[in-house]
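Paired with chain B in one complex and with chain C in the other, chain A is shared by the two complexes that follow.
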Partner chain A sequence: MNDGLALGQKEAFAEVEKLLQPFRKGDASIALDTDITRDLNIDSLAVMDMIMELEDKFDISIPLNVVAETKTVRELVDAVSRLRMGA
Partner chain B sequence: MGLFDRHAALLERYQTARDAGMDPLRVRLQKVLSPTEAVVNGQRTIMVGTNNYLGLTFDDSCVDSAVDALRSEGTGTTGSRTANGSYDQHEQLERELADFYGMQHGMVFSTGFQANLGTIATLVGEGDYLIIDADSHASIYDASKMTAATVIRFRHNDAADLEKRLRRLKDATGNKLVVVEGIYSMLGDKAPLKEICDVSKRHGAYLLVDEAHSLGVLGEYGRGMVEEAGILDQVDFVVGTFSKTLGAVGGFCVSNHPEFENLRLLTRPYMFTASLPPSIIASVRQALRVVQQRPELRTRLWHNVEVLYDGLEAAGFHLGPDRSPVVAVHMPDLETTTGVWKALLDSGIYVNLAGAFATPNGVSLLRCSVCAAHTREQLELVVETLTGIAASIGLLPRPVMAAAG
Partner chain C sequence: MTPTPTLNTKLKFQRCGFSSLAQAMDYAAQGETGFNFYNARGQLLSVLPYRELRAQAQIMARKLLGLKLHRGDRMLLVADTTPQFATAFIACQYAGIVPVPVSLPVGLGAKTGYVDQLALQLAGSGARAAMAADGLGGFLAEAAEGANLLLHGEPEAFASLPEAQADLKPLGPDGRCYLQYSSGSTRFPLGVDVTQKALMANILGMSSVGLDIRPEDRAISWLPFYHDMGLIGFMLGPICNQLSTDLLPTREFARRPSVWLNMISQNRNSVSYSPTFGYDLSMRRLSDEQVAALDLSCWRRAGIGGDMVQPQVLRRFAEIFAPAGFREGAFVPSYGMAETCLAVAFAPADDKVRIDRVLRAGLAAGRAEAANASADEREARTFAICGLPLAGHDLEVRDEQEFPLPDRRIGRVFVRGPSVTPGYFNQPEATAAVLHQDGWLDTGDLGYMLDGELIVTGRAKDLIIINGRNIWPQDLEWAVEALPGLRRGDVAAFAVHDDEHGGEDVVVLVQARLTDVEARDELRRAVEAAVREQAAIDCRVVLVPPHALPQTSSGKLSRSRARNNYLQGQYGEPADPVPAES
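Up next is the complex of A and B:
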């Protein structure tokens, strides 16, 4: 399902998927279309912690304004890959 | 969808507390007796959650100044300084605040919240970077929503994390503004300000420090964390409030920036709000004099901090990391916190109840604030009462003697 992703996006997805594992509802797996707050048992504080982990892993800063606009895993993955390319 | 449906989870928790007969948001002070006592629920109560650090709310000289101004200049200014003009006293207070910090410029706002909101959101805009501590006050977070700048947060009190983030911006052309607080309001921990200042300056960022809880509290002359850390000559903007140590309401910003006065033309929370009434300005001016003329109040405050902080620590409570006039007692969860808070109030002791939405990482806290006017007996009673309540519900190991008996 992630075949359409560029290499940078695949790496980002793998990391996001790993960080979100503890927040899965039941057996539902983490997919690109997963809505981070609606489909997972995660509160806003845990989201911010996860963001900080991602920032450390990829040596980027994800601006709060970007976090606020990020609803799905796909949007987060895109934001991470964009920021890694310095865009 | 109802207007408040999106807040359902929070409202439900609040209702649960109210159903249990506890309403921490609606505590009524039936009569305020002194800086440290009030009548609550018909009972004489020790106030340990006021932020009234030097106890100046009833200082005779401050009250007299306010009364004189009230008689001579009236009850209010009925408009903003931009539209209605400034009273002499507004400008005198601005001069006195700037002089207190040894700065060129000062600007007074109608609340401390607006001082943060107005200065931060005006200083950085599109193409700029606002870099804030993760544990920042709500006014700083709201400023970050008001500005078009890119907002980045760094790990709380972590100068190395701040440096990483500034390094990532090394090729960015916009201005960078780093915002931190001197003492953080919920856990009472102090910023490693010297390191934060060094990192900010090394990377060409401006530094703004909010001294809301440290003005009058830290530094030989009471100028706050900027004085204690020795960075008064390097900090770009100091923001503060009149509603804590200075015992009234209002806020300010002082700076040496040569173009600082432009803020008066650009800062909407300054331009479109009624200015502070003459009585408030007068009592604040006098309180600022008292801060400078009576350093013994600061000495007394720190003695009191020792009594409360060390007493609670010795009893086995998990407290905020630094000894400061904000003494935060960690509790396991919000339900327990609310129960202990209510038991304290029933015993005639008022502290602040703080939980998710106000605290870092959503921790549950009983937040105490120490006042220079507290007596040792009052604070020892707080330690004894809180220890007894906590032991009775198994939060603390029971005292050895009691266990042996």
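Up next is the complex of A and C:
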């Protein structure tokens, strides 16, 4: 599933996967190409909660424009690991 | 860093009574009060006293004039809760330019829809310049392709302009103040033309009878500046009353709703406002100890507006925070819309939220008959009383032929008075559809009168409001119709009242030609996903047979009839127990 990810990305993926568990539809697992709003049962307030959890966990701030350009788990994981490295 | 003081030491309190926003700004700048910007942790990020705001705005006004913007030109401003936005808005006033505040992108994957919306707003307002919030310059640049702009960019791009050597001629009492883009659907945005006269009249009315603003008041808000309640209520209103105001970006409030109450407790704020859902949100996840640590006895006016006032939520809030000194009498239900600047009716001060209980049986026929105290919740429905119109304003409830109705008869709400807009910018047809020659505005809301007071029961127009956000059913329908296998006219979206939790549920009816069970399930999921992607909301999807959706005589979808059919169980799903109000 997450082969080929750098260490920081693996850590971010693990956290995102954990936070998104409650919103899975049926048996479908959380994968890198999961489209967060399309493939999961998550509303806008729960999305805000998840972003806040990620920010607190990794001590980062995810800017508005990055949130607006993020659709998939992969994009979110990339954004989190990029911000953690201060990029 | 020290926040601005609540009281001016020398400057005498003047409750509005100014003829233009620039004049109000000139006055407020003689004192020490101003704006304070906070984050979700309640940390003070920046302080902008009115004196400083005026000075910075005048500098920026000269920079804008150097751009060769002409008097009356429009400038689009992405309205983040920042000193840069406040400064740019006031700079436009001093430069004689009409600001057009617009929203921020909300949610994951919101970019595409947001850029499209910005492009339509740029075109609709004929803006000649546009300022993004920090980080959003790229989105604005995409939207600005093909638009005829002298300059677009983030605040820094404007700050680095040279100042023109020009005398400032501020927007005067007889013209526009700004355009408010919160009406109309995403595809056909409508900019409400807010004049200086209407704004000054509305702020005076709200500050006098409505909220009874006093010099010792201190305001606080997490409402967005791109919405009339945030912009007028907590930026322009406070300038006109020289009130210090503590500000929190909406997304920060959404992350930590309790910060609102913590800040009120610490900063001793006396005036704040929220739609019902904000009160609901802020009381979640608070322990008894956290409640006990708060002191909300300073909260004199807790306004409610922007969605239908839900008395049961307010009552729960008052009960939970009574140990923290909150009084139910602080609640001020109110009623208004962008077309009247902000609120035009306020519930008079009382010791609790005043309600009217009516029999459900009569509602569908347009009768709001008083229920006995013995009637239970199945028989009676409770509405909040939204109060009396502001001085100089009239409210009227009319029937289909627009004849005034007597008390306790439900009809369309009309309003007239100095707060009413002259219309939508450059949209004479849309204006004529709601604004009559004699000055009466058709609000699109449904309600009834009771001894001169207004009670709102719902909406005649099809607008859906979820968590204070306006959602146009057309936008949802178009998104769903774009799915493979569906055609134009196959979809009807509307809201039904959710009696259990308060608020609204969205129902989407879809004409499906499929018979295979799996294919139908798949379609249902695709519709849910399309709606979530379009508006970030959940909905109830109901598949109906071909030709099952009712049409008007001109062949258009009749949403109100589709909704009635649904509520009566014609589409086979369990109907909402409320026979709804239309």
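The rule we apply is simple: the second predicted complex is superposed on the first by the 87 of 87 C-alpha atoms of A that agree within 3 Å, B and C clash if a C-alpha of one lies under 4 Å from a C-alpha of the other, contacts with A are read in each partner's own complex, and residues count from 1 in each chain.
Note that a residue touches a chain if its C-beta (ideal position, glycine included) is under 8 Å from a C-beta of that chain, and two chains touch if they have at least 3 such contacts.
Here the structure is a predicted model, which means the values were calculated and not measured.
Asks: In the overlaid three-chain picture, which partner chain does A:Pro63 touch, first (chain B) or second (chain C), both, or neither?
Replies: Both: A:Pro63 reaches chain B and chain C.
Asks: With the two complexes superposed on chain A, say which partner A:Leu45 touches: chain B (first), chain C (second), both, or neither.
Replies: both
Asks: Looking at chain A, which partner touches more of its residues: chain C or chain B?
Replies: Greater contact footprint in residues on chain A: C.
Asks: With both complexes overlaid on chain A, does A:Ile36 touch chain B (first), chain C (second), both or neither?
Replies: In the superposition, A:Ile36 contacts chain C only.
Asks: Going by the contact definition given at the top, which residues of chain A touch chain B in one complex and chain C in the other?
Replies: Dual-contact residues (chain A): 43, 45, 48, 52, 63-65.
Asks: Could you list, by residue number, the parts of chain A that touch chain C in their complex?
Replies: 25, 35-39, 41-45, 47-49, 51-52, 63-65, 67-71, 76
Asks: In the complex formed with chain B, which residues of chain A make contact?
Replies: My answer: residues 43, 45, 48, 52, 59-61, 63-65.
Asks: Mind listing the chain C positions that touch chain A in their complex?
Replies: 104-111, 114, 133, 135-136, 138-139, 251, 254-256, 281, 467, 525, 529, 532-533, 536-538
Asks: In their shared complex, at which residues does chain B touch chain A?
Replies: Residue positions touching the partner: 134, 144, 150-153, 155, 164-165, 168-169, 356, 361-362.
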